[in-house]
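Some structures are shown below for you to check.
Below are two complexes that have chain A in common, paired first with chain B and then with chain C.
Our next item is the complex of A and B:
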């Protein structure tokens, strides 16, 4: 059995960034760009006397799913929490730039280009955001990514995959929110402020960051699916994520616009209604919101098998 | 450099210092209401005249407190604030959608924010969407031709600076003698978290601005275009930058502005030297395989 076949049934949660990148696209189609052999590692970590990674903790490249070119960014949580520094930030930004430029070139070169032949971008998030060892460079890279997302609008759909150990927090939390579509597993976590910082800010009585169940209820995949921040909730295998990406990849870019949570005056008005509900409810727990969404026994939603959850859960509509 | 009285917490005063006297009309953009009076009090938004021309103002108000969301005070951007700011941007786009490029109103962001709302309710409802929404709106307005200038008067901290400031065409900052803070976190906290001696970090940051804190280091990194030395200097500097941004947009030089433009500036000023090299390697490697990913005909 090939490595690719073997990867498909791997837990997405347990997989490293390169395996996720390889396994998401068709077998044998992935070309890594600025890979470890280019040895582009962080000069800033070196200056601090810290270990470096030859890929700076971020895999970038291009592959294919069927007829669709798929640009890939995949973050490695095992290297300094998947944090974004100068090199990784430049790799992430430039992958988006390459996808946009390739789109423009294909449109110009092929008058009969079909929707499914246009490129998409997939980002597998595993990060807490800015790398503190080179924080200013990491911060500026985040801004470049947000700018490029807007430049990609109407051209290259951006698909987020969130189901890795570190989750997706800090600046990368809003980077993910700004993409077209978010696919999560129930083990994925998405937010802005990490649990420890909320505890520090609000006190342990209000938010106990060591309470794993509470943390998952607040930022985990099931909650994010109920509240509408995740468009799709899939099983924890590379194959399950890949299957969803493959289903979305051939869709016209307009279909992706409809999946967005923010990015237009209309979506902002919808979110404003959600914030009004937050002000009115002041939920003590995410389960209060699940009940508000029409789930009669919210506590039961946490532990039931995924298929049963997807079969019966009611999602919030505002 | 003589120490000056800080402008921290004085976003509303800064509006008056910058715009034509008495011209600020709060909560209205393009003749339409963008927010109820007490909505998202951490941000003061509206329309003013600058040198006789209409501009949209989006300012941090560090003196306010949001009663509905108690983590929002001292200039923190909460969920209401982010969407209120985004609405002001979309209202600017809507008001000028049929106007030619040189008549699209400028947006002036007055930046004094220590963070994004860090609460449980914020995480349950998705604070990340609010800050993301505002950034996408700013990027859309910038790419549509509106000149956007950010003026850092106090604190521009981490994700809140990304939200309110880093999507501008140009970023100006009051110089370090005003106690201006631009960073992800103070060097003392960085030292504790990454477990390096503060002295070592301080020494390294003299030559390497990626570790350091303050407007001067951001200037070297290309994260701030211009340092402004007096409060009186803010108004003329903003007017001047709006004019030069308009010129660049008219000439189709959008890539010299905004985050992408600041990437080039960072390399030019020697602050982010590896970024262009990384991109160059990727571009060459992709060029060599691009045909494999083009449709087979």
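Our next item is the complex of A and C:
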């Protein structure tokens, strides 16, 4: 197992799922649940003759940041693109269930608990969505997780971390959007249909997935931060993500409600205004939207250092 | 079609080293593998189980594991591997990583 101290300054982008889970909570507090020694691997992949993993590509567990119990789900992109199948999906859903049950029991047993002492859930996404080898079970898991988010609302805040290689796409893009708050690094990517699938379906003229600059300014952290899909943009280290989670963890649950993108009449209206703006603007490039947000020199935003970017960027308000 | 499982035992007369803690290393990425290494009373032996999509390389697996067990003088250990087309060099590297983790933690 990696050493916690060494992990902190590690690139979040390059860290595997277990290192991210371990490093996001306080030193020595992480307990993995349904870990590799439980040998819960996918029965479907085995039948198909595809390689299996002892943890089915998903790390689940619980730790602590300060006084806050932190339930953690962390996806491994190197195992079949971080895809969600039956076992990984069940691990994800049950971690959320556990967080909610824990919250209910804690609040019942200790009615005068401070906000800081109530649990939060952190999900480190690295996934393309459903694992096609076991698509029904994978889709079901997506639905189950979204349903559980609704049950968690007003109880357990759900915090998304997006800054890993694969990004967060497909069904899990919807799942991330349904969480309370999204923290991204500039190397994180978030979307529904991935760049290669758009190119495949609509042609290279519509979207050239080999143009990495285009891919990043359309799905990457900086763009998502400007248009409001991401609440926070942090540096690419485990420590930076951890600091932001530590800052959010003690907040009252009502504060998380205000950070949401979906799930209330106000957020629906905001989304509709966003769609209307897109229809009116017909942006040809993400930079058009950055300019609309009030950034005079949108092209310069791509390459400037993160601190300078955060200091001067104007975010879209609709 | 189904996954291929290779199982064998290795026993050295010179095997004296045991590991302290169970350890897990690696990710089943493409051309990579993961390994569980656990202390287990096997009367000085090492028992190995490999699950892999690849067939036809059972002898090579045996040779790589023999080399690893020989160089470490490992004994009383259970090794379980999930492989995804790792080359022998990668296999040896991951085994050495797991061993160093299991003996220095």
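Observations on the structure shown:
Here is the rule we go by: the second predicted complex is superposed on the first by the 316 of 318 C-alpha atoms of A that agree within 3 Å, B and C clash if a C-alpha of one lies under 4 Å from a C-alpha of the other, contacts with A are read in each partner's own complex, and residues count from 1 in each chain.
Heads up, the rule we're going with is that contacts are C-beta pairs under 8 Å (C-beta built on N, C-alpha and C of every residue); 3 or more make two chains touch, one makes a residue touch a chain.
In this text the structure is predicted, and so the values were computed from the model without any measurement.
Superimposing the complexes on chain A yields a three-chain arrangement in which chain B and chain C fit side by side. In the superposed pair of complexes, A:76 makes contact with chain C only, with no contact to chain B. In the superposition on chain A, A:16 makes contact with chain C only, while chain B stays out of contact range. In the superposition on chain A, A:37 makes contact with chain C only, not with chain B.
Once the two complexes are laid over each other on the shared chain, residue contacts for A:178 go to chain B alone; chain C is not touched. In the superposition on chain A, contact is made by A:47 with both chain B and chain C.
Set against each other, chain B and chain C differ in how many residues of chain A they touch, and the higher count belongs to B. For the pair chain B and chain C, the minimum alpha-carbon spacing after aligning on chain A is 8 Å. Taken together, the two structures place residues 47-48 of chain A in contact with chain B in one case and with chain C in the other. Those residues of chain A that touch chain C in the shared complex are 1, 16-17, 35-37, 39, 41, 45-54, 57, 76, 78-79. Listing the residues of chain B that touch chain A in their complex gives 68-69, 71, 79-80, 83, 86-87, 90, 94, 116-133, 135-137, 139-140, 142-143, 158-159, 161-163, 166-167, 183-185, 190, 193-194, 196, 200, 204, 208-212, 217-218, 221-223, 258-260, 262-263, 266, 271-272, 274-279, 281-283, 285-286, 289-290, 292-295, 297.
Those residues of chain A whose C-beta lies close enough to touch chain B in the complex are 31, 33-34, 38, 40, 43-44, 47-48, 60, 62, 64, 67, 69, 86-87, 89-91, 93-95, 97-98, 102, 105-106, 109-110, 113-114, 117, 119, 129-130, 132-140, 142-144, 146-151, 153, 170-171, 173-178, 190-193, 197-198, 201-202, 206-207, 218-219, 223-224, 227, 229, 261-265, 267-268, 271-272, 274-275, 277-279, 282-283, 286, 289.
Of all residues in chain C, those touching chain A in their complex are 1-3, 22-24, 27-30, 32, 34, 36, 38, 51-53, 80, 82-85, 101, 105.
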